[in-house]
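Just dropping this structure here.
As written, the chain order gives the labels A, B, C and D, with residue 1 at the start of each chain.
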């Protein structure tokens, strides 16, 4: 092969190697998304750094990451060790330098994304291979050690089962604060919340658990005011930000609340915000120590799959790709709003005015007034069979 | 294409379709392992049954399983909904009939495998997308609801960090029962255990947490005797069977204990027993209600990845393949024993006589007597750099 | 799994099955492109119809399509038999009903595409797993049997090595007809061509070999006038349509020539027109018998890879996708023309007026006048190192 | 990530990089087969060296290797340029340094394999992306240029359609030399062959085309004696070695014939000898110039797929893997012989004594004596429907 051809090819190779090198050095999301091949090359390199892929490796124990099925091995890029160690889900595994590096990198990228999405003061973040509900449990279990004897979680009501259940699973008693109707919107009743705190006594309260992303006519909780109270009464404040990263409003709420008052940690779904399969979430917060403590509360190693999915997706999107997604969402939300307004009018209904909810829209169903519950749920079913999913 | 060629081809196709039909009908592990294509065909069929893969689907909500990266989509066979619902990790998702079916099938196969591996009375089992440690936490959190006020977990000592940590994470107080030396072996001190129960009082005890698979010179706990005590004192009995499915002895211990006394649930790692990547475990037990309750304690949906890995691996192995793995392990263990005996003798050491431990072997290091800890750990490091991993 | 969920999923499955059924029945390109999963499902079904994938198959001969490497097997969807039989590249293989069906379908789709691209009278077409040059050789070798004793191929000059070589390889003597300069354009010299025919005598001429797609300032040959002569003198007319399917003008030339005069077969590259890897071409024509005879001239079986690539690509694009590509090309060509005009002016050069060439553009390099050849070729090299490839 | 972990991982990485480096330097088949990941890493590196995968590449011509379908791109490792240039199928493409390097490496490995399989004097070899029949055509077309005016190919009869057809396709007249029955075997009739030569005159003969691998009771041609005659009369000698690489006997015949007499080139199937999908063959010979000339006779670029398949398969097998395949074949052939002897006896038939055929076995069907042809072919059909393919 003539020298000059090879030189040009070598130059092309080095452009990719540079991308990888810069990622490893800076641990920052590239501006432009990577192509699939570069991502695969990096994953293969990382995979080869895990001991189960060492040439000549001879495992004789229970932690050897042997993979029986070729199909399974391939879909995990031959990484088998998962992430974390007994002591800490964020610790490095000696047997799995590649997987560990992948996990560390992913957490760095995720932290950057959260900061740029609207919460620049975020101090620490990591991907947990458990969905939002179970990750909230992990946060609550961590708080238990800091709040010996406390047993109540104050919770502005949101009609979402797993959110309620996570308090029960963690072994606490939810104290429900009903929302208040402001015209069309259901918003946090700050007075009732403060009353609850005073009645139960701060030292008996594990934390206040608020919610950002939710279905209209409920709106994101009034985080700033809640945070002020939490600071005043010295109570931890945990935020369920399930699908809030996609909305700059939700992220700003979190950022502002952390400035004005107290906001310890916020948890978001990886699938809902980053378009990966269900299975992971991101625990983030403004106090590095607390976030580390949560990581150390997780016993044993854990699945690397959600981290790998996030890693690939973030590199594939790049900063620009992710920002484009955010813009598209905003644009489409406005489009949906316009069109739903028209449809509502056409049928003698009206779109609810829920301006504090940047994610969800509600519509009156007054013409169905008088119908039994069953007939009402049939509307949802009719939408579903017409391939429109996501309506409530 | 001539008719007779097509007929023969159609017959070949129907053989595969029959395999799939029989699996769906009987929900039993096939005797012979399937080839990769048949497994992929089934996974694709299942994937197409999920609403995110419906033709014409138009998702407008937060649960639409849109997958951003093609690479991620492919490695998950385009399944994005995960498993479970808010209320129950084992519940069926209307939006994801295929993923749900996959999960149900996997749990059926896993139950069958556990029964055939030596615990035929097992009533129920399911794959959890969390490794053993976190799954033990889930079991403990479930028991909390049944044992209001109880706060102790009685635990025959085992030097494994995540096991100890799971009790702390669940918010309980571990009560350590030291093991007793019988010649070379460290075995459960049943008398000390009973003494603990009496001192703490049964009603204050969440459960006894025993361990089967462990490193020599410790041996599997004396499950039968512990189970008798648990029955007598009416205390739940939870077993950490981390890598015990591969050993018929460990499984028989569990089966016998459940007959003679009380054994509520046992938990095992999917990676250690079934050679899939780290990330899942199997919770099984003899009381269907308890196992269901544990499933219902998990809040929200969860990653399908560990179930898919198990599903593929079990179909790939078939009953015969899995049994062959078990036989190989036994055979190799004996081979290792023989060869280690020779090596030990050669160096003036001796293999410990730990006949109650069917999984692990110990060797004396008397010639290193007097060396500091650091020098001792260097032996492990020397093995590791020689590509022998798994030694302690 | 509840009945109604399964029903909806089954409906989704049936939509895909319908797509596949309709394709098999109608053998026509779907309007809308298929998603990757549906394509893969079909390929897997076809693959399972090949005898090497029959369950229980036991091959003992030299034609068993055993594939040694898993990686190779996967990339060919486990199809190993290739296409064709000893007697005919388009014949059905009893051992490979699936591969044969795939090949037949591909040829049907390709025929449809050629017709819709501008040559509706095309009677027959098939994919050959050889690039354009070697496929022209095959056509010439077929013509030899019809033109015993003839040894000349009349060929309006085009500066493309493999085109010239294909006549030599087939064992014929090329008779070059120089083009004529009409203002900026180099066009077929019809008079000179007719003179050649008369000099050599029709019975000594294997065929006239014309070219459509070519680099400016040459323009596509004047097919209609050549075809008239071929009809008049009763000489076969073969067209090298290498990258002409993408241009409706080239296709119309072919169609019109076949109406007005004689045009036996036209050959085009699969990679240049359909964006698949190099390796295949399509032989098409207006006389079904001749095209079949060409297929029968190919001795032995042949690679299925180019057919599979075409099959996937056409299903992926659908009719709409392919038409969109054609429109884009036209649009971009005009854009390039505009911008090159500006650049030429800026540098005191001028874009050649080559209106009969719908594919390629030329620019004067008068300011380089006086430079040696080597310095001129450096311009190409400079473009190449600036990542602009495709310039001549 | 701690330094020492990374060091060990880096060492593991370098073992693989060394494998790749050694391959590139020595261009020799590794003794031990490579694992899939190392092969994929190398293919990706090569692919990134092709200009269509250069970052920032902007193709504007007809040779840009743009690939429309992702599925197609992936299965070709994003290599789209094929191999060769207009002038020579073995020439390096400036736009495709990676593909070119892959092709060169494959040819080196293949040459080594042929030499070690029994023909150590082989001077040159290359993979052609056409099956054996069409590759023989290419050889014959090349010989035409060396044998102006010659039109006969002398051909000891073998009942295989594509073999006969390749002479016709190349435009020559086959002169069939009937075989002679020696007891059970049909062997080359050397006297009749010499008589043919004398009758036709050497200068009118393009070549003698012999065959090694064939079905019993025919045996491989008596290459040594034919080669002697070819030398004596100065006639090219071409060998159809379709599936003969797997038999050391066939390869030794070729080697010996080339020593004793004249043997110009031998052609073998890639699928039959190396277990890749149908589509390629290997042209090899003892005269480097002739082999190069054959490569130069191929007009235009060609599919890289058969080379890639061979490349992967040879690296996957390694020298040891390939030799093991050869031994297995021998072993299984003997086993088949034994068992067929028993079956023949059981049914009052007898295995033919065809000791000169190391590949194929024949059995008498005397009890079917008197049956029409149709009934006889039904035996084959019965075997086929019982999943035994490969019988004639």
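One rule holds for everything that comes next: contacts are C-beta pairs under 8 Å (C-beta built on N, C-alpha and C of every residue); 3 or more make two chains touch, one makes a residue touch a chain.
Computed from a prediction, not measured in an experiment: that's the story for all the values here.
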**Prompt:** When the contacting C-beta pairs are counted for B-C and for A-B, which pair yields the higher total?
**Reply:** A-B
**Item:** Centroid-based (C-alpha) most distant chain relative to chain A
**Value:** D
**Request:** Note whether the interface between chain C and chain D is symmetric in residue numbering, meaning over half of all numbers used appear on both sides, and answer same or different.
**Result:** same
**Prompt:** At what distance in angstrom does the C-alpha mean of chain C lie from that of chain A?
**Reply:** 50
**Request:** Could you please state the distance in Å, as a whole number, between where the Cα atoms of chain A are centred and where those of chain B are centred?
**Result:** 28
**Request:** Provide the C-alpha centroid distance between chain B and chain C, rounded to the nearest whole angstrom.
**Result:** 56
**Request:** Can you tell me which residues of chain D touch two or more of the remaining chains?
**Result:** 8, 40, 51, 54, 70, 94, 384
**Complex interface listing, chain D residues touching chain A** = 1-2, 5-6, 8-10, 12-13, 15-16, 37, 40-41, 44-45, 47-51, 53-55, 78, 92, 94, 97-98, 100-101, 104
**Message:** So in the complex, the part of chain B that touches chain A is made up of which residues?
**Reply:** 36, 39-40, 51, 54, 56-72, 75-76, 79-83, 85-87, 94-95, 129-134, 136-138, 141, 144-145, 160-163, 165-166, 168-171, 213, 242-243, 269, 271-272, 274-280, 297-306, 309, 312-313, 316-317, 325, 336, 359, 384, 387-392
**Message:** Which stretch or stretches of chain B touch chain D in the complex?
**Reply:** 8, 70, 384-385
